[in-house]
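Each chain carries a letter (A, B, C and D) given by its place in the written order, and its residues are counted from 1.
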Amino acid sequence: MTATAPPRKLRIAISGLGRMGKRHALTYVGRASRADVVAAFTPEASEAAWASSNLPGVKIYSDYDAMLAHPGLEAVVISTATSVHAEQAIKSINKGLHTMCEKPLSIHIDEAQKVVDAAATRPKSQKILCGFSRRFDASYRDAAQRIDSGSIGRPSVFRSQTCDKLDPSGFFVAYAEFSGGIFVDCSIHDIDLALWFFGPESRVKSVSAVGVCAAQPALRQHQDVDNAVGVVEFWEDRIAYFYASRTMAAGQHDMSEIVGTEGKLIVNGNPQTNLLEISDKTGYRREVPPDYYGRFGEAFATEANEFTAACLDDTPLPFKLTGAVRALQIGAALQESLRSGKKIHFDEVGHRVEKATL
Amino acid sequence: MTATAPPRKLRIAISGLGRMGKRHALTYVGRASRADVVAAFTPEASEAAWASSNLPGVKIYSDYDAMLAHPGLEAVVISTATSVHAEQAIKSINKGLHTMCEKPLSIHIDEAQKVVDAAATRPKSQKILCGFSRRFDASYRDAAQRIDSGSIGRPSVFRSQTCDKLDPSGFFVAYAEFSGGIFVDCSIHDIDLALWFFGPESRVKSVSAVGVCAAQPALRQHQDVDNAVGVVEFWEDRIAYFYASRTMAAGQHDMSEIVGTEGKLIVNGNPQTNLLEISDKTGYRREVPPDYYGRFGEAFATEANEFTAACLDDTPLPFKLTGAVRALQIGAALQESLRSGKKIHFDEVGHRVEKATL
Amino acid sequence: MTATAPPRKLRIAISGLGRMGKRHALTYVGRASRADVVAAFTPEASEAAWASSNLPGVKIYSDYDAMLAHPGLEAVVISTATSVHAEQAIKSINKGLHTMCEKPLSIHIDEAQKVVDAAATRPKSQKILCGFSRRFDASYRDAAQRIDSGSIGRPSVFRSQTCDKLDPSGFFVAYAEFSGGIFVDCSIHDIDLALWFFGPESRVKSVSAVGVCAAQPALRQHQDVDNAVGVVEFWEDRIAYFYASRTMAAGQHDMSEIVGTEGKLIVNGNPQTNLLEISDKTGYRREVPPDYYGRFGEAFATEANEFTAACLDDTPLPFKLTGAVRALQIGAALQESLRSGKKIHFDEVGHRVEKATL
Amino acid sequence: MTATAPPRKLRIAISGLGRMGKRHALTYVGRASRADVVAAFTPEASEAAWASSNLPGVKIYSDYDAMLAHPGLEAVVISTATSVHAEQAIKSINKGLHTMCEKPLSIHIDEAQKVVDAAATRPKSQKILCGFSRRFDASYRDAAQRIDSGSIGRPSVFRSQTCDKLDPSGFFVAYAEFSGGIFVDCSIHDIDLALWFFGPESRVKSVSAVGVCAAQPALRQHQDVDNAVGVVEFWEDRIAYFYASRTMAAGQHDMSEIVGTEGKLIVNGNPQTNLLEISDKTGYRREVPPDYYGRFGEAFATEANEFTAACLDDTPLPFKLTGAVRALQIGAALQESLRSGKKIHFDEVGHRVEKATL
């Protein structure tokens, strides 16, 4: 009839309460039992009002620095606009706070590198995470484990796609101005997966990309497209190829296929909202999630819980921050190739070379 | 820069820390943010030891009545052995506590009815729930919603199965002594689903059942089987048929199919552990969960959260307690038919009749 | 630069050119290269006209006996109305012709038995086949081979369904007058499969059946239903259960599941017209065949070729004629149980017993 | 009681009785009822011996020209080694015979063009077909029809793969010496499909390709690979991307996906041998065909029947011969890009340009 002391909780703040920020806030409040959301930052009155109703007990700041000074704060989740990710992350890191920053750290490689540099100066017990949500997805983890155990032999070819439902509202057109382009915004996840499954030290030999505006010609004004294919060749005799789209009719379809010399793994080859199948005059069908949150909602909860646990228990995070810059470099190169129409070549130590001169 | 008051939490206790009790405890501790597990009951020293390590801050009682007297306790989750479900539930109900009792309330119809009777004397604001976990499963809810909206016309035929992985340890043989039989233990879920989709007032016209011991002949000593088929005919021109098995090779396969006059819904027709597909020399395959918790873990979390919310906010529970007795009645009739080999008939007002005399 | 003699062809006649007869005729003409369709019988002028256009070189008779006397005729395919199957088959058999008779031989057990009796008097080199088309289906054969090789252990539970698309024209209502009922007409295939997978000598212990008119109440005038579930218990500790329907929204869905002690085989669990999947606003879907011919067209071609080969080469047919009567007996018992509402019991040597007296 | 005259049959010869030739011969003999195989050519004694046993009544020639002179011959199927396709086809065409030539017409573009040129001089009633078997596949035809009817909007992105099972015998290494490379040998089918779905007049803007030797390093001696990815950009704002592999563990997996602005079509996304699913300790799985004939056997039969009908009835063939040269041009450009590592650009009228100078 005795009881141990109740467990300590991580005092955490959410920066940004837009679409993604709201999701992070609700996940940490409702599904991360070891975390205590104590503060949040938003400059938007409407978002602050939302917080009053939906985040009881959470102090809302309209100033990021003030939020960082919240008494007893231990950790910050950054889900503001991409343009301030790096700046906010560096401030939080330098203040000694555990920091989870949404991807990408920045759309500029040098700025992203500054976050990594800031993190490098800190002790290991301060946890810094870039939010590649697929790393926390049960199916991708299952795949990774099987690859590690050698069950498909040597992984040689990786295909991966991030495909959004067509949004006729024009959202993606406006978004393209700041997104860094379809490869930096969407395929960055697929690139990160390639580095996961092929190894973080894989060296790029060439990248090339093509794209079209199939349904949203207005994207051309931002030199972007709504459907793109990119190919990355690695010096280790491996190939990754990516498809990104903003024009799916049914809904989100993010999937990956890893081909090894002795087998193949497919993650989400047949997308689904849940386990229901419907038969009617049109045949037998499954519906699919309307967006990436419908596909990866569980992964976000796992991310929240594992980040919290790592902060509280000083356990290692599942992957390193440095990969976020590597993924960005590859994404930016693909985007450049898309725009120039040229293939880009790299030598074995990572320097860019002109193929004509090889 | 203001914050609302932090939300109140439901003070809840877990009775029983066996296989299922541990799961309930961890779910309420880790995934039900509005609940505060303050106490638990177990007579087993090993389970108490487990609680010390895994349930920090929870007071462990070796006496059920003492646990009920825990200061400030508001709600109880009963997941002890089936034989004490009813007794514990009635005590908790009579003490004015919100009560969630694992299924079945009892394997004896009259005892189960006593729980319902006790609940009937209490105010609506005291929440009493029988834990039919599938009622909280997203896929089943999706199906129910489509049925309600008329998208498959009138539901006429319902097929549902609860199929466990073969457990060569002999667990199910020992368990059969107290389980009430395969229809009461397994098919009770499927029966409850039939009452959900056909309507709780559906009147049984006949039941019949057959079964075999395919892999575990020792079950015969408890007049039970490891594979059984049961058919329930309703006066409303509807049929439900059930398959229950303890001998699946791959893992858990619980599924349902609802045939309407204009379409058909299938829940979990193609079982899966996650979204990974594996291709190797044997073909293309998906693995399946090893047990029902692998299939319904999410549903248990939803159950915990919804029960908590109903208690705190005085909102209605998604289904009535009375159905638990009806499902038990049908399950017991199927089990009797299995044992006697005879079909059992009922008249339109529910009285049992001999077909020969009709 | 030599050539062997061209191969001899089987001179065959088609009796009946209705829906099924036309299919047999076209299959033998177009897809059975060792058969030469030389004659056909139909009493219908419209069918004879169809034959003139579609069966060039085939002599059309309006008298069955005259057709049997066609010079050089070696084999007959009987696909007339069920009511004359037995009579025509017996005539053909007695005339020494190879005979392929569509299922069922008759809806009357004694009449069907007469066909078997007639066949029993003939030499083995005269081939007599009852057209259970699923026996020639590649997927069912694959399943059978795996069962024979022991890959699923001992088969214990068999589920099988024959489900037709809803035909609002009233065809099935008119048809029910002569069909023998849904179990004799539809489930006979599933029963035959049970005898295939469980062994032709399996002894029935009990049968019971229930049914409803979900969409076609007019079937009641013929004591028939449009949705039925039947259960057959075997003395060898095996269960077969069947579902038959005339009300599918999407199309034909005939499927089977064989549960063994070490594995399970599923034939056509996910029906499909072909290998095309369609993704649009409604999700991801596959269409299904409109009728059984869309599902089993290939099997009919295999049947035609194997029957032809057996006749020409005196090779054994893949299954015995006697099973056709056994399947009919079980189908008729299910139909009786459906009508009476009573379960029917048999002792270990096949005699019917009253359960009350056991 | 009259009969029309028996139908006339097409007198056809098979040139080449290797792996593919045998298949064509058996298909025409057994599954093309309007064709009469009267002759065959093979220089190999073992193949001639096979023909004696398996092609009764067919005259076997060891000299191609002699076979062409077979009395009454009307049509030829060419399935010899690729290196003599063009020469044999031209001879047959010039002799006025209907000609079906296996793909590719040649691995040399100019030689392939000569076949097209020869065909261009002949009357329309002389049928000349290049054997792109997928054009005759029911699933691809279903897809094509849906595209034509506008059901997926404008097709914008096409993904297609030809993936062979790993053959550890070294067959593909030896074969690579004469195959023209993986894009010319395998992807030519996928390229032909792209031209089908995007339109035969689609103009290539760029091609690029990468490849690796994942399991068969010996392929490098022929400048070939066992896994390759190629991307083709069209001036009409369309992209086709291809994957070809010789290293699948499970078996053949040829599939395609056509993304339109309003939907998506997938052909063979989930490969299968037949409709059987197997559940055992490893999960739920389907096996896949060991080779392309297991996938496309039916298509070859359709091809045989449609070619025969076109010859006999002077009906149009389903696609033009000229596309065979276009597909070869694209395949050869991809193969060149694979070897050089360079992207290849074309202007709007089809001339090759250096991107640097654009």
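As a convention for this text, a residue touches a chain if its C-beta (ideal position, glycine included) is under 8 Å from a C-beta of that chain, and two chains touch if they have at least 3 such contacts.
Since the structure is predicted, the reported quantities are computational estimates derived from the model, not experimental observations.
Using mean Cα coordinates as chain centres, the one most removed from chain A is C.
Pairs A-D and A-C differ in how many C-beta pairs touch across them, and the larger number is found at A-D.
With centres defined as mean CA coordinates, chain B is found 38 Å away from chain A. Per-chain CA centroids place chain A at a distance of 42 Å from chain D. The geometric centre of chain A is 56 Å away from that of chain C, both derived from CA atoms.
The set of chain B residues touching two or more other chains comprises 152, 248-250, 262-264, 269-270, 272-273, 278-281, 284. Residues of chain C touching chain A in their complex: 248-251, 253, 270-273, 278-288. Across the complex, chain D is touched by residues 152, 154, 156-157, 159, 166, 206, 208, 210-215, 227, 229, 231, 233, 237-239, 241, 243, 245, 247-250, 259, 261-264, 269-270, 341-343, 345, 355-356, 358 of chain A.
Within the complex formed with chain C, the chain D residues making contact are 1-7, 29-33, 52, 55-62, 66, 138-139, 142-143, 146, 151-152, 262-270, 272-281, 284, 305.
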